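You will see two complexes here that share subunit A, one where it goes with subunit B and one where it goes with subunit C.
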Partner chain A sequence: MSTVTLKNLSKRYDGAAAAALVDLNISINDGEFLVLVGPSGCGKSTALKMIGGLEEISGGEVYIGDRLVNDFASRDRDIAMVFQSYALYPHMSVYNNIAFPLQIAKVDRADMDKRVRDVAKILQLEPFLDRRPGNLSGGQRQRVAMGRAIVRRPSVFLMDEPLSNLDAKLRVKMRSEVARIQRQLQVTTIYVTHDQVEAMTMGDRVALMRDGVLQQIDTPHEIYHEPRNTFVASFIGSPAMNLFRARLTSEGDHMRVQLGDQNLAITTLTHQRYPRIDQHVNGEVIVGIRPEDLEDAALLPEHPDEQCLTAPISLLESLGSDQMAHVKLQAENIRDIDEEDEELMATDDSDGSGICICRFAAQSDARVGDTVKIAVACDRLHFFDSSTGLALRNQT
Partner chain B sequence: MSHPKPQSSFSSTYGHLWFVLPGFAFFLAVMLIPLILAVGISMTNWTGFGNDLQFVGLDNYTELLSYWPFYRAAMHNAIIFLAILLFQHTVGLYLAVLLNEKPRFMQFYRTVLFLPVIMSLVATGFIWTLMLSPNIGLINPLLQTLGLGFLAGNWLSDPDLALPAIIFVTAWNSMGWAIIIYLSGLQNIPEELKQAAAMDGANTRQIFWRVVFPQLSPAFTALTVLTFIGTFRTFDVVYVLTGPLGAPNFATDVVGTLIYRTAFGGSSFSSADIRFAFGLAMALMLMLVMAGFCYLLIRVLRSREIEA
Partner chain C sequence: MTQTQTRQLQRSQSDLGILMGKTARTLVLLVASIWVLAPLILMIIASFKSVPEFFMNPFGLPDEWMFSNYSRAWTDANLSLTLPNTIIVTTVAVLVSTLLSSMIAYGLSRKKKKYAMGLYTLFVSGLLVPVQAIILPLFIVLKAIGFFGTLMALIFPYIAMGLPLGVLVLTPIASALPHELIQAARMDGASEWQIFSRIVLPLMKPGLISVSILNGVWMWNEFFIPLILAFKPEVQTMPVGIVSFIGAYSTEWGLVFSSVIVSTLPVVIAYLFMTRQFQSGLTAGAVKG
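After this line comes the complex of A and B, so read on.
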């Protein structure tokens, strides 16, 4: 067990125009479960492979514990890795797959047997020890890959999208399984995924990356409720946060945000969370509203009028527990999650309107085509700079 | 009013076989019919000339069982097979591993190493006859220049050196196959498997022997069977290098040249010792033994292979 520290870690591939990884600085605590998440090509796997010694380091330093391991071969770093493809040895039985690292380390036979069987027990692999990986299901293979990693008791686990080859149901199950095993063993773990749900549910902390640059590293709660910029805001959360171009106005002490021809009051709480909106009064900002902060006003009769919007419903998706209402607002949508585009991009609706997704309770009677009054939880609005996309908080 | 005929159950089950007919007809004409004729002729005493022909039953086959030149020739084939096999699974594999590291100019090396395979064996044979010649060849002067003059010899006329010379030329000629087959096997092994082994603490040697090599068993099987077939029907290299008699003094005589001599002559101008039917019996016997061996080889080697 060990800490892992990355100092200005960089990667540039020969002949590539842009760097794959730019000055990554992360320090991971002993026993922590850190999730590296981001769209494909964001550099998360590259970072993981550099920590594992499978990819050459172009710049910066990797420390495991207090040892600088830049020049160490993979096998000298005391780490174990679970690969996306599992990388099981097809010619060996499950037993030998798990025992392989111990055989290489020339562990005493009796001790090895005990350790392999202990691991098999933890992972419920005991009935399959004599089988070859080819005769196992996806979930079983995944567990063998985990077993091979944990049998050595390394100081760090690296996991490269270990669940992405499983079907949806099994993935949910293995998600809690992996998290449970990690808590049980208390081994520092770095877990790469492109799935924000995995990131949110498994990690002690989540590091969100884009184009080789770390966007934010925080607990799942903070990264969800205090996104540092529009990319983080729209990547984390499903459906994504609604982002609109809007104007800030001020009448005396009261600030309002103008979305097309409608107004929302900015509460004191929101103002405290986003103090730098003061600098944008009578200017343009990006306002972010999470779908769950938009409710059918008919269900909330007490909700103040100045915290409501009115809009026609163009699509209604019922999920049983709640309903996703797509409403049309006279305001310009901002999207910041497309992998291709570099800049903030507006989704072009010819009439200058944008779609806003609201999570209505199942009790809502709203129908497609209705123009509904929507109660906005104005305490939980988010504000971002319209040119840089950065949150208008006092950032450290 | 004419209705289309309903499809009979026969035609719905076997109708598609019509599509195989052209290929089958061709196969029949050039393979099956000649084979059946050959089996028939091998049971006569036909010399290959004239109409003088009597049915002799299995006499040719029983004679073959105690015909020692056949065993001598087969023994030479077996020696060639084992030597080539050893060579391909060592030098060929090693070169394939080197090429798999994707060195600079890999395409060039690969082409150069594969080139002998696409060259005609007869042309190859003639080139090597010249190279190995004690009078005008390149090999002996080369050895002398390198200070290895004591190794120089009468390659194709010394009874101790002739078979090794044949093996050398065959090895040179067939190494391209070994490299290509092993290379494709190596390229099928996912990079992540080697990375996983490195993570698990294995060094380069352990990664090769414990992870990479076991997965080459399909390539090993294919190559062993191909080499077996190739070496037991070898003829052209021997014919060109040491002639139909397998000179010197039958030291390089293989079953191919023996069959050729027996069935068509070639040892002398007289046709007295030409026994076409006996030659055919030899060829058929060789075919049977080879088929049996291949079957065994494949069964044994396949059982070691891993199911993907």
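After this line comes the complex of A and C, so read on.
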């Protein structure tokens, strides 16, 4: 077990216009499960491979424990890696796949046998030890890859999207399995994924990356409830946070946010969380509202009027447990997305309205075409600078 | 005509088509088999004939089966010397050449394309060089380093001449190996040699078999190099030994054919025992597995 420290880690490929990784600084604690998450091409796998010694380091330092390992070969770093494709040796049995690192390390035969069988027991692979990887299911292959990593008892595990080749049901099962094994072994783990659900459920901390730059590193709770910028706010959460361009107004002590022709009161709690909104009074900001913070007001009769919006429902998706209502607000909708490679892209309709997704309880009687009153949990509003996209909090 | 009758007619027509197809296929295979087997059978029969009978009755069975042709071939044609020589030369040259080819192929597959392509072309262009063009410098070099008159004079050129084909066949196979397998082995603590010997080499097995077969067959039958470089009887190989029966005025055809049978026998036996490997080896690399 060991800490991992990255200092100004950078990567630039020959001939590439942009850097793949820019000054990544992360300290990973002993036994911690850190998830690196982000869209494709954000540099998360590059960072992982640099830690593993599979990719040359263009700049910066990698420490495992207190050893600077920049110039160490992979095999001298005391790490094990699980690959996206599992990278099992197809010509070897499951037993030999798991035993391979021990055979290389010339571990005594009896000890090796015991360790392989112990690992096979933990991963429920005992009946398959004589099979070749080609005769295993996806989930079993994934477990063999895990087995090969844990049999060595390394200081650090690196996992590169290990569950992405599994079907949805198996992925959920393996997610908890991997997390359980990590907690049991208490080995420092760096896990790369593009799946935010994996990131949120498995990690002690989540590091969200974009275009080679670390956007935020925090606990899943923090990263969800206190996003540092509009990209983090958009990326984490499904459906994504609703982001609108809005104006801040002030009447005496009361601040309001103006969304098109409607106003919402800003509560004291929200003001405390976002103190820098003071600087934007009578100016433009981006306001963020999570779908679960928008409820059918008919179900919350006590909810204050100044914390409600009214809008027509254009689409209603029932999920059984709740309903996703797509309502049209007279405000410019913003999404900080990567696919189009355009920052703060507006997704509003030509009439200046934007779609806002609300998560209504299953008991709601709202129908498509109805104009509904929506109760907004104004204590949980989020505010971002309209030009930089940064949260209007006192950031460190 | 009712619908049932039409359907029955269509079915019998399609049955007829299938039958004709099968017959045509069988005929083609039959002709091909005769094409291959007839000379072989004639050769086996001729190997038991005396010289006069060979000319008087070239296609019939011998009146007297001359088993002595084989014992004479073993002693007079020096088969007792040339057969072990051929086995040693071919085995060593095939093993070393295939191993070196696989190392080169793996090395090239892991290099950047712009560097690898030039080297790959250089190796493969060896296929275009006719042996007659290099025989004189080869003669001089082998004499200078003292290999002349030993089996090394055959083994070393064969190893070198086996490389172009080996590199040609094995490089695409090595390139197609998943990069993550190599990375995984590196992570598991394997050295570069261990990665090569324990991961890469076993995964290239079909290609290795293919290269061994293709190189082995021509090395076994190669005539020109031993003719020039191995004129001493004790280092001669079988093809050259057999030719010594063919004279300007008379030829001992019975001995020639019995020697040819003995020289083909190891390849035929190997084929019978390894039919599956031969087939998979020859098609290796043709289709991505």
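Observations, loosely collected:
The rule we apply is simple: the second predicted complex is superposed on the first by the 393 of 396 C-alpha atoms of A that agree within 3 Å, B and C clash if a C-alpha of one lies under 4 Å from a C-alpha of the other, contacts with A are read in each partner's own complex, and residues count from 1 in each chain.
Note that in this section a contact is a pair of C-beta atoms (placed from the backbone, for glycine too) under 8 Å apart; a residue touches a chain by one contact, two chains touch by 3 or more.
Remember, predicted model here, so these are calculated numbers, not experimental data.
Partners subunit B and subunit C, once the complexes are superposed on subunit A, run into each other and clash.
By the document's definition of touching, neither partner reaches A:Cys308: not subunit B, not subunit C. Contacts of A:Ser74 after superposition on the shared chain: both subunit B and subunit C are touched.
Contact with neither subunit B nor subunit C is seen for A:Met255 once the two complexes are overlaid on the shared chain.
By the document's definition of touching, of the two partners only subunit B reaches A:Arg132; subunit C does not.
In the superposed model, A:Val287 lies in contact with neither subunit B nor subunit C. When both complexes are overlaid on chain A, the residue A:Cys378 reaches neither subunit B nor subunit C. Once the two complexes are overlaid on chain A, the subunit A residues touched by subunit B in the first and by subunit C in the second are 52-54, 73-75, 79-81, 83-85, 87, 89-91, 100-101, 104-105, 148, 152. By the touch criterion stated above, subunit C contacts subunit A in their complex at residues 178, 180-181, 183-191, 194, 198-199, 202-203, 205. Contact residues on subunit B toward subunit A in their complex (touch as defined above): 190, 192-193, 195-203, 206, 210-211, 214-215, 217, 306-308.
Contact residues on subunit A toward subunit B in their complex (touch as defined above): 52-54, 73-75, 79-81, 83-85, 87, 89-91, 100-101, 104-105, 132, 134-135, 148, 152. Considering their complex, residues 52-54, 73-75, 79-81, 83-85, 87, 89-91, 100-101, 104-105, 148, 152 of subunit A touch subunit C.
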